Amino acid sequence: MLEVDDLHVEFPTDDGLVRAVRGVSFGLRRGEVLGIVGESGSGKSVTSMAVMGLLPDTARVSGAIRYDGKNLVGASDKEMSTVRGKRISMVFQDPMTSLNPVYPIGYQIAEAILAHENIRKDAAMKRAVELLEVVHIPNPEERAKAYPHELSGGMRQRIVIAIAMANRPDIIIADEPTTALDVTVQAQILEALANAQAETGAAMMLITHDLGVIAGQADRVQVMYAGKVVEAGTAEEVFYRPRMPYTLGLLGSLPRLDVRSERLTPISGSPPSAVNMPPGCPFSPRCPMAAPECDVEEPPLEQGMTATHFAACYFSADVEGHTPDEIFRSTEAADAASGSSAREGSR
Amino acid sequence: MLAYALRRVLLSVPILIASTFVVFVITALSKSPISDLRAKNPPPPERTIELERQRLNLDQPLLERYWNWLLGLFRGDFGPSVQSRMDIGAEVVDRFIVTFRLIGLAMLVALVLAIIVGVISAVKQYSGVDYTSTFLGFLFLSLPSFWFAILLKQAGISFNNAVGEQVLFTIGDSSVYVTGGTWAEFTDALGHMVLPTISLALLSFAAWSRFQRASMLEVLNSDYVRLARAKGLRRGTVMRKHALRTALIPLTTVTALDLGAIISGAVVTEKVFQWQGAGTFLLDAIERSDVYAVQAWLLVSATFIILFNLAADLLYGVLDPRIRYA
Amino acid sequence: MPDATETQQSSPLTGQPSETSPAGQPEREFTVPERSQTQMILRRFLQHKLAVASLFVLLGVVLVAFVGGALWKYSYVDITADESVPPSWEHPFGTDAVGHDSFAQVLRGTQLSLGVAVLVALFSTIVGTVWGSIAGYYRGWLDTVMMRIADLVLTLPLLAVAAVLGHNVGGSWWLIAVVIAGLYWAYVARVARGVVLSLREKEFIEASKALGASDMRIILRHLVPNSLGAVIVNATILVAIAILIETALSFLGFGVQPPDTSLGLLVSNAQTAVSTRPWLFYFPGLFIIIIALTINFIGDGLRDAFDPKQTKVRE
């Protein structure tokens, strides 16, 4: 239904060309949930904004984003506005800033309906109240007249979800929908999203840096690093038989109840800057398995043991079947040893 | 909203009272008319000086003088002038009416232009229009208003010479004698206002358009404008209903805060164009060390500024629900 | 910038930590080279071409005014035999009706106007920053009282009050600066308070509070360095504003008094001579514009240098 083909997004800045997305391809089938995981700067949000056609004018986009056979890259504002909010809708990261402070929330939901349907204003307001009920806002009649600042972050995110499902879209893109919220509220918002998806039958792109968010939700998972997809597969495959050290590292930094482990295994270092990217695998400076060949050429995304599982690593066969502890343990020990002296040096 | 409005109104009462004291202190720090009298050549007899001191209440202790002045204000008496014939209250009101005409029009012109230019350069950021208006903004902000006013005056004279008819007036706020009824009076007043308005509006326009651009840019980059676009609203609708509507709110505060600077600017403008307005009233009063006249002028403008700020606060409350319920 | 501990890496085969350079840089250079805060600010400022050009022009003007003024063959009080002559090699900016060399007068006016402006910027920045920071940091009743006082000062038209007070100081240039600064500090206080208020909500302040740091330590180690950028930018632009206020005050006749002179006074004297002896009117005005404009551009460059947020691209 949605097909992203070799998407590139670049931003010219003072420091040089930022290559935020470097050849990303994936597909989204009707009704499925695709989890996209990656650290900040991995290009996952830029990818979603490209799908919505909401990148700033300075962005240079190439490749194709096909929705129902139509290419959305380079589509006019007029064409895009019939897709946005109607066929593809979006939930943003920070509910505190996603709603316009000067309009009542009921109006802001009704606005989404009125943008695509030719109905009367009071009918749209009635629908807005119904939507508030669907996302479990108590006293929806009354709340519809409230302003965003009168609601909590969790409530506001429910409103944003209500806006996203207002026109029964085919796709809901949720970009870090729980990141800005309290842990206790996160689960409720995920449930509300699952509800919204069930209610509308939409497919969902769930974008997050937190594998835990995706765990119970996604059918397929795609891991992004430095503007590229480095591993993709079914949730089962990616979670239990990862073939890329980075994925393994992400899993190791996640607290789990089902596996006994004394401590978490962090990945050292931080992602590379998207300017002046040297050749080779972008993860190699942080990778415990990096070999000389990793710095020569970037490994392509290659099929693994099954037709659905792909990874971009020369050693994916070696990775599979290992625990994060086994691969990353050495780095951590090294960190502990050199950490104190380095810390003193930096002060 | 009612509670908010009430609180705001009540809050400005003590500020008004405090400002009467500040105004009094400032004039107490200014040059005393008695020292002017002493400096006269030949010096008047000590007896005359003493009588003048008593007439102006300058023999009273400071606080007593303040209290008496304050009591006088409630009776509509602004105190004695060094020009014994002048009724300060009546004169200052007359003069301010002339000046408010200038200030009102200049602010309106500056505001409308600033919003248009600010919004356009924000929407078309880094375009030729944006760079041009940015550069002009900087230039206008660096322009000494008195110098520019004189230049305008000169340009007005050249324009009149070129047309061969007195279209733009460069001296005074109106002609002494106008024939031809209301319409003629109106065009005459307008002819007198064009140049001073341009000169006074320019500085505020420059500052406000910069501010409006920044405010609009911030809103354009905000999440809620992105969400509005994500809803499927067209670019124009989002601009109008979400971006512009919200980006205009902070301008109310800035406009109110700048009123003092505009009144100051009016003093300069009136001097250059020789208007018989409040500005020249103040300059004459300072020149003559006419303490009560200066005091009256300061009081009227402080009151005006406080009330204007109150109005802006109330308007802000109407426009921004976050303030209203806070 | 990533901490040195975060950029640690180990060589793949041995599992041993690789050597790190003394500066804590990773062996393999991966990101754009790290720079110190000051270097970054300097580099960003130098990228602002208009600001750099302005800096040179302003330095030139200052040099001409202070060094050139001392070397020039005429002093601003000298009365030459040439009356009302247009610009020539002998008198680059011409002379006035009395025979004053206009070039010498403009240089003297520039000295005084710049002196007043810098003093105003200095005084009001110091007073306003301290005032606003104390109010913003301690908040509560102290904040209310202090900011009400500042608000009261703000309810008065600055130039008008400066004229009232300036009439009494008899043209002493540094007293004029004190009068203007005595009114302008309230604006600075407002800005400073805003900066401090937003800073004190930041996590690193809360963190050091939680660690038991004293108020003094928080103010010196965190608030001052972090608000320095905003203060410097404001103080720079303040010089431009102050020069416009001083010249306007002198123009009205309540600033610098003859026989001394200021750029505003020169324009005022030349008011009636715009068409007959234009050089008397244009040169002092041009100097005011050049000074104010270059300072505004420098301020803009500094703002960009200290606050690069505007040029950053989202993720």
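When the chains are written out, they are named A, B and C in that same order, and each has its own residue count from 1.
Keep this in mind: a contact is a pair of C-beta atoms (placed from the backbone, for glycine too) under 8 Å apart; a residue touches a chain by one contact, two chains touch by 3 or more.
It should be emphasised that the depicted structure is a prediction, and the values quoted were computed from it without experimental measurement.
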Specify the chain with the shortest distance from its C-alpha centroid to the centroid of every protein C-alpha atom present.
C
Would you mind checking which pair of chains has the most C-beta pairs in contact?
B-C
Distance from the mean Cα position of chain B to that of chain A, given in whole angstrom:
53
Roughly how far is chain A from chain C, going centre to centre by Cα mean, in whole Å?
45
Provide the C-alpha centroid distance between chain B and chain C, rounded to the nearest whole angstrom.
25
Can you tell me which positions in chain A touch chain B when the two form their complex?
52, 54, 77-78, 81-86, 89-90, 92-94, 97-102, 111-112, 115-116, 147, 149-150, 160, 163, 166-167
Within the complex, which stretch of chain B touches chain C?
15, 18-19, 22-23, 26-27, 29-31, 138-139, 141-147, 150-151, 153-154, 157, 257, 260-261, 263-265, 267-268, 271-272, 282-283, 286-287, 289, 294, 297-298, 301-302, 305-306, 309
Contact set on chain B toward chain A in their complex:
222-235, 237, 242, 245-246, 249, 319-322, 325
Chain B-touching residues of chain C, taken from the complex the two chains share
148, 151-161, 163-165, 167-168, 240, 244, 247-248, 251-254, 264, 267-268, 271, 274-275, 281, 285, 288-289, 292-293, 295-297, 300
